[in-house]
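The chains carry the letters A, B, C, D, E and F, assigned in the order they are written, with residues numbered from 1 in each.
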Amino acid sequence: MTRPVTLFTGQWADLPVADLAATCAGWGFDGLELACWGDHFEVDRALADDAYCRERRQLLERHGLGCWALGAHLVGQAVCDRIDARHQSILPPEVWGDGEPDGVRRRAAERMKDTARAAARFGVTQVNGFTGSPIWHLLYSFPPNDFAELERGYEAFAEAWSPILDVFDAEGVRFGLEVHPTEIAYDFVTTEKTLAAVERRPAFGINLDPSHFAHQQLDTAEFALQFADRIYHVHVKDSKKRLDGRRSILGSHLNFGEEARGWDFVSPGHGDVDFEALFRALNRIGYDGPLSIEWEDSGMDREYGAQDALAFVRRTDFPASNVAFDAAMQRDVAENAD
Amino acid sequence: MTRPVTLFTGQWADLPVADLAATCAGWGFDGLELACWGDHFEVDRALADDAYCRERRQLLERHGLGCWALGAHLVGQAVCDRIDARHQSILPPEVWGDGEPDGVRRRAAERMKDTARAAARFGVTQVNGFTGSPIWHLLYSFPPNDFAELERGYEAFAEAWSPILDVFDAEGVRFGLEVHPTEIAYDFVTTEKTLAAVERRPAFGINLDPSHFAHQQLDTAEFALQFADRIYHVHVKDSKKRLDGRRSILGSHLNFGEEARGWDFVSPGHGDVDFEALFRALNRIGYDGPLSIEWEDSGMDREYGAQDALAFVRRTDFPASNVAFDAAMQRDVAENAD
Amino acid sequence: MTRPVTLFTGQWADLPVADLAATCAGWGFDGLELACWGDHFEVDRALADDAYCRERRQLLERHGLGCWALGAHLVGQAVCDRIDARHQSILPPEVWGDGEPDGVRRRAAERMKDTARAAARFGVTQVNGFTGSPIWHLLYSFPPNDFAELERGYEAFAEAWSPILDVFDAEGVRFGLEVHPTEIAYDFVTTEKTLAAVERRPAFGINLDPSHFAHQQLDTAEFALQFADRIYHVHVKDSKKRLDGRRSILGSHLNFGEEARGWDFVSPGHGDVDFEALFRALNRIGYDGPLSIEWEDSGMDREYGAQDALAFVRRTDFPASNVAFDAAMQRDVAENAD
Amino acid sequence: MTRPVTLFTGQWADLPVADLAATCAGWGFDGLELACWGDHFEVDRALADDAYCRERRQLLERHGLGCWALGAHLVGQAVCDRIDARHQSILPPEVWGDGEPDGVRRRAAERMKDTARAAARFGVTQVNGFTGSPIWHLLYSFPPNDFAELERGYEAFAEAWSPILDVFDAEGVRFGLEVHPTEIAYDFVTTEKTLAAVERRPAFGINLDPSHFAHQQLDTAEFALQFADRIYHVHVKDSKKRLDGRRSILGSHLNFGEEARGWDFVSPGHGDVDFEALFRALNRIGYDGPLSIEWEDSGMDREYGAQDALAFVRRTDFPASNVAFDAAMQRDVAENAD
Amino acid sequence: MTRPVTLFTGQWADLPVADLAATCAGWGFDGLELACWGDHFEVDRALADDAYCRERRQLLERHGLGCWALGAHLVGQAVCDRIDARHQSILPPEVWGDGEPDGVRRRAAERMKDTARAAARFGVTQVNGFTGSPIWHLLYSFPPNDFAELERGYEAFAEAWSPILDVFDAEGVRFGLEVHPTEIAYDFVTTEKTLAAVERRPAFGINLDPSHFAHQQLDTAEFALQFADRIYHVHVKDSKKRLDGRRSILGSHLNFGEEARGWDFVSPGHGDVDFEALFRALNRIGYDGPLSIEWEDSGMDREYGAQDALAFVRRTDFPASNVAFDAAMQRDVAENAD
Amino acid sequence: MTRPVTLFTGQWADLPVADLAATCAGWGFDGLELACWGDHFEVDRALADDAYCRERRQLLERHGLGCWALGAHLVGQAVCDRIDARHQSILPPEVWGDGEPDGVRRRAAERMKDTARAAARFGVTQVNGFTGSPIWHLLYSFPPNDFAELERGYEAFAEAWSPILDVFDAEGVRFGLEVHPTEIAYDFVTTEKTLAAVERRPAFGINLDPSHFAHQQLDTAEFALQFADRIYHVHVKDSKKRLDGRRSILGSHLNFGEEARGWDFVSPGHGDVDFEALFRALNRIGYDGPLSIEWEDSGMDREYGAQDALAFVRRTDFPASNVAFDAAMQRDVAENAD
């Protein structure tokens, strides 16, 4: 048996979860990774209403769907980020409040603790999300960075997240950072530093999404092997470079979907990610959790694409082998010696 | 005759300009692009002291050196940037003042006007520099950008710089933005938008530095052709990608010179820039200004490198042709008709 | 809904159209692009016989097939070409006549006018075809070209075709030149010059066939974007380079299908054309006309290939999206302000 | 009709042939290439027991399976190899005997003659296998080879195999060497020398397996064209390079399946072999024998893989064409002349 | 000693040969390949005036220059070409005459015979040049070629040139076709056919110019090896592809030197030709004739370029070795046995 | 100051060292890495004759040459190799003796101990060489390797070499294995295992020669970084792949210098090795020992080549930098605070 294939519901939050569940079941998905926005998985209701988690679970079971993880990207982003107007559009009003940065970060941290509690109540041990970053804006060192400030950034991240991770530990839930530009970790080097900053505590791992690696020209399969013990969850998302000497790999401050960008997200299997290499690496490290399709492609119909992506994963994620080869060619010498 | 080769003195500001001039002359440079920091070209003294410009010019002439441009990158950066602690280290104390952002930007703008005035007094019609950017931190659109804010960023840039450019016009001096990450323009798309924001007024052009294009995988020669009428000055600087699937093109928040970076600056001719293609493009567009070596390579001795770079430019920047080929093979039909 | 997929019948003219229509319908094509040779679409009969067009249309409808375009390549080729013996084999006897070049060209032009008239009668507004070229033989400039002669070539093309296009305009039909070596336009530069020669009149556009671009190492998707308003029809045909240092990209004067050629036509999806990029570009420019498979592969069974090509297009030409991404992640700020 | 697709049973010798036949028939294979080990095809029993061949054939026919070739790789390896302990594990006890090298080689040669006899009795005219090599250990010339010794190696091979080939001729059976590292021939050059050593006698040809060419960076399609008259049988097997500057193409003395190797075998279609080019080449040379899947992939489930490979071949090995193109566009000049 | 380096004077025919000889000697050339146009080498005067050849030779000797070959490209072109107006501009008036094609070809053939005679008189045994081609215009087979016509083209070439080659044989001079688009041979395939057409008679060989191979993506070193016995002379000329998806490899009917072309000629060492590989191949085949620089680069000053090219050849054409390696490491076994 | 450049004399043993020293000094070398064969450095005489070492040293000093290392490749090869006839040609007669393998290996080991003693006496602390390998012949695992045998091979190597290394330790000399096919270590993986087998004792390090890495497609610069503390000496030697689909990377059992090989040794700077990357890596790890040119190129004159290689190293091995960049742009904040 291969890994279950789920749909991450974050890009479908305009649809009620009841409709989406029916649709995805019809398409053949094994489950959903519920986003903690829209009405998909409401953390406050899950804690306030004893029946909420049970009903959500029953809804999924009615359609034969499992759920192995929650997606709490948006609130997580605010925990140690430099807060600005853009955060208002991704946060619940009660977390945004008056928008004063310290308060926003504090309330976001509390909501993340609640998310761990709600996940445990819902019977899910994995919460994926973003962390934000106090140092992302220092990406290109001009004016020249004071690199001690960067070290302090990793410490600030750890200070903000450690109390949250304590709650995760207490609830028996793990957090998976989606390694991603704008987050505290977005590549090999920064992931090493981030894991070190929280002393590689088991509560903190990775939601591996290869679409954020391809345009950086990083090898996702190598990443999976190098951080094998921290690969807690996997997104199936793709991106494609379109470099012709005129389009910048940095994106030109253009929105996704603009023709003149140097890269963009595309439906899985339509881009630069070598998924077979990634899946083989996941086999090597023994990852048996979900492959969760996060679907985003500005040039493809969404409903067509979700089904296309599911079919792609089904045909690409073949079962691993335990057999040593040439064994069938070799007689046992001892036996022959009889 | 080929173009003059100058050294941009910005990375040599630890040396007194008198010493540097002697050294560069000895190495065979044709001139210097004086940086407006260290004691190389002091804008305040140039305006306050009637003799200053004359003495600077005499110093250069004594060594047989010309000067066709000033480099005012550091103060320019503060004109429309988001000011933070890092700016203190690159600004003169009187421009930094108390560090209050609006004041810093206002004083930086005044200093840039003075720079145009000082350049005119010194007899130079080209000032190169940075502009800063109010929107650089929005490079990666997450939390999702409000793209109207980006448009406002280009407008804010234009508002901040237009009064400065008025002084440039009055003084008969032109400004050359070094298109560069962290600036308002860093690639084809953003340069188009930036030029449009100032309505392509002639006072505002480009100091073309290919080292900032190569890691973005942009074609500098094409850039020169596309923005031919705005190529006011050219830097000779190089950079090299070292992508192996583990190093990110984004730089990993590491300082230049760190082994694990995905790219770094290197001495001209040691990197990815196709200088011959660039110089041929400069021939096509009729650029006859300086080729100004901005030398930076964390793995090479600086003095060795400056001479190596000069030799590289001398052997690579060959003279252009005006001859149409095969002409020597063709008789004039009319003549034959005699 | 995606674009209709048709078969261009030019390479199947050995089969009666009645048989071919039945076969293609059985394979699942949406329609046919009828060639104006064989018995597929006979221009003279269409004009002479009131019932002809109706019967052709009924034949197609009986099989559930549409027809959105005619293919008039062979006669079109003779309109402004340098006529030689090879034209006799591709022209109807009455157009070839005695083979005297001026007469051939004149009769070909008249037949093209008739084709427009017949198309209108048949209820089709698109005629695809070749133009021929008075200057193709000057491809490589040795003996050195008199480049004024090339300019005259574009003018001669325009003179020959303008009266034809007048009839197209009168009939409400448009002509689509298949940009192709041996024609007046075969790449970006020559297409620009060709369109300029007819003053970009709307009657004259492009039948875009990527197989003629790949071996020239041209980017068909970029071509579609650049000439967006003139992409009137699209052929789906593929070609493949086989360069090993011994095979020339120029073709070695060998026939298609010869082993030693540097490139050859192959069934769609088996070659160098990036059809996904092309179809995404067609989505961007809003092209909703047919994708017409022109099938040619000297190494594949024709019947197998036509079905293989149809399946390829069906799985590659996915529906476009109108959704802006990340929208589902963003709350309305106004709403939050409640 | 395309070529029959068989499974080479060598890697499945742990399964009784009766079970394997049933399974393969169910998967849709056209036949089996029976290995001469396990109980798949027992040469000694075939010669000793009059019923054996008939029963094997009936077993296959019961499942609708054909058999066009036997695989005698293991015993063949010992015929002219430098014998060491490893051979004991691949040889039947009666061939290995006391392991004294000359005796092992002599008994292996006799068994190969018997294999030809048994094949003839079974009704198969093709036996594939290895030859061994007296000079493989001299692959890298240090200490510097005496190249005369290499010439003697080819002669020794010919001396060892000629008597065997005499029996093949007598039985009307042909031998197909699987060109492969560790054999007397493993690339273009050594195949030329090997064929010359046996004076290109028809009894000795090639079992072409592209998986042994890809990591050597050889072009299998070119090989098929160059040795067209000696391509007697074809294996469908794939391999993939994973070179990142740290993994050696030489394999690092690691076992197949180890992560750190520079290349490895993978299921057909998952690797570097260009099967479409190979199959087109086979079309050109008129090869109409089996495509025999030799399945080996340490990262994929064997049963999944065999079916995946079969589906891959079915969709990739399309039927060839006999049609000359553009013919439908050309009228017969003579006819026109009527 | 390495090969002599000469300058082909064809592109310098606007200069009197006396001036050019002095200049080239000053630059350090070993000799000149004199063009048979301008006043460089005048065939008619050489035959008419007993002193002419002696004086030309003395001129060269005065400057220490050798001459190993004449260049008779322009008249050669007319021998079997389709004559049009362009030929008038490259032919002497007396060869062009009234421009009637048969007459032009006939007079060109006579002039080529005279060229052989003049070469012999001058003491040179090699004449390089073009042949023209009756079939070049059939390069792209549309309208579909009658391939029998192509075969007749090779025959027509042989008929036109055989009487000329008879004179070459009689004079002890050899002809070297510069394999080149627009000529009867321009790649591997057509060179094979061309040599076969003249039955590989020794009078007809090749002037190998790699600049005509690079844009066809042909490997010049392989060409030298394959046609080793017909490499009579070598030109050093370079070309460079500039393919970006918008520029066609076919040249867009643009003149050399136009920005939008997909390739162009450049000064040796500035383009795509792998000269080291070529020179190593020339070493292998024992070519010890001149390396004759044919200089053409529309973007470089001609005088600068000729010197740059000479320096390039001097540092790239290193002397070959006769030593077998590792020999110094090996003791003689016999000696040891003492 | 950059690193000294020496010539490894192994390929020049046909010349008396006195002549070679004079020649190399004239070419500008800084020193010689003396081979322990020919008359270059005779271990037995060095131990037997008190004056020998002094005289050798004086000879070098007379020419201004240093010596930092000895090359003892040939005898080292025999220490743990499978001995065959080829070893006779590379060993001194007294080491070869009767050729009985155990005796040869034992005598070779004793000679290596003596080499350490002689080196100490000569005043050199570095001996480079080969180790041989008991398992090289198992490179390709067919017949399938018993991988326990490979482990035993590493152990056998350690057993053979440990007593030798004890003498090296006692003499204060270090051994540098030239990582190389046919040796116990030839890539990253086998070097790790080899170093582990001798418990990373400091007496055993690496003579890094990039020419053995390039054809394996290994990154030498990465190797230098990974094994930084064991890079004891560096050879400058180059190799070049010539892969065209017909030439095997395995070498086809052809001698070096044969045209049909897939790769070959070439003079430094003429091949695939990225020496600048290597030298930058050596700068990073602080290697300040010799760059020793081991010259081998079957297509280049040896004397020309040695000088060409020396010039190549001189211009490529630039001095490193200790400067942090942008430092000159930053004022000290504290200072500004005054």
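Please note the rule applied: a residue touches a chain if its C-beta (ideal position, glycine included) is under 8 Å from a C-beta of that chain, and two chains touch if they have at least 3 such contacts.
All of these numbers come straight from a predicted model, not from anything done at the bench.
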| item | value |
| --- | --- |
| For chain E placed onto chain F, the superposition rotation in degrees, Cα atoms, nearest 5 | 120 |
| Identified repeat of the B-F interface (over half of residue pairs identical), from C-F, E-F or B-D | E-F |
| Most widely separated chain from chain B, with each centre as the mean of CA atoms | D |
| Comparison of D-F and A-E (more C-beta pairs in contact) | D-F |
| Length of the line joining the C-alpha centres of chain A and chain D, rounded to whole Å | 46 |
| Where chain D and chain E are represented by their mean Cα positions, the distance between them in whole Å | 48 |
| Contacts with two or more other chains, residues of chain C listed in rising order | 85, 89-90, 141-142, 144, 219, 222, 244-245, 256, 326, 329-330 |
| Chain D-facing residues of chain C, complex | 10-14, 37-38, 73-74, 85, 88-93, 96, 244, 256-257, 259, 265, 267, 270, 296-302, 304-305, 308 |
| Chain F to chain B touching residues, read off their complex | 219, 222, 225, 276, 280, 283-284, 318-321, 323-333, 336, 338 |
| Interface residues, chain E side, partner chain C - complex | 74, 77, 85-87, 89-90, 135-147, 149-150, 180-182, 186-190, 215-219, 222, 243, 245-256, 260, 262 |
| Chain E residues touching chain A - in the complex, by the definition given at the top | 244-245 |
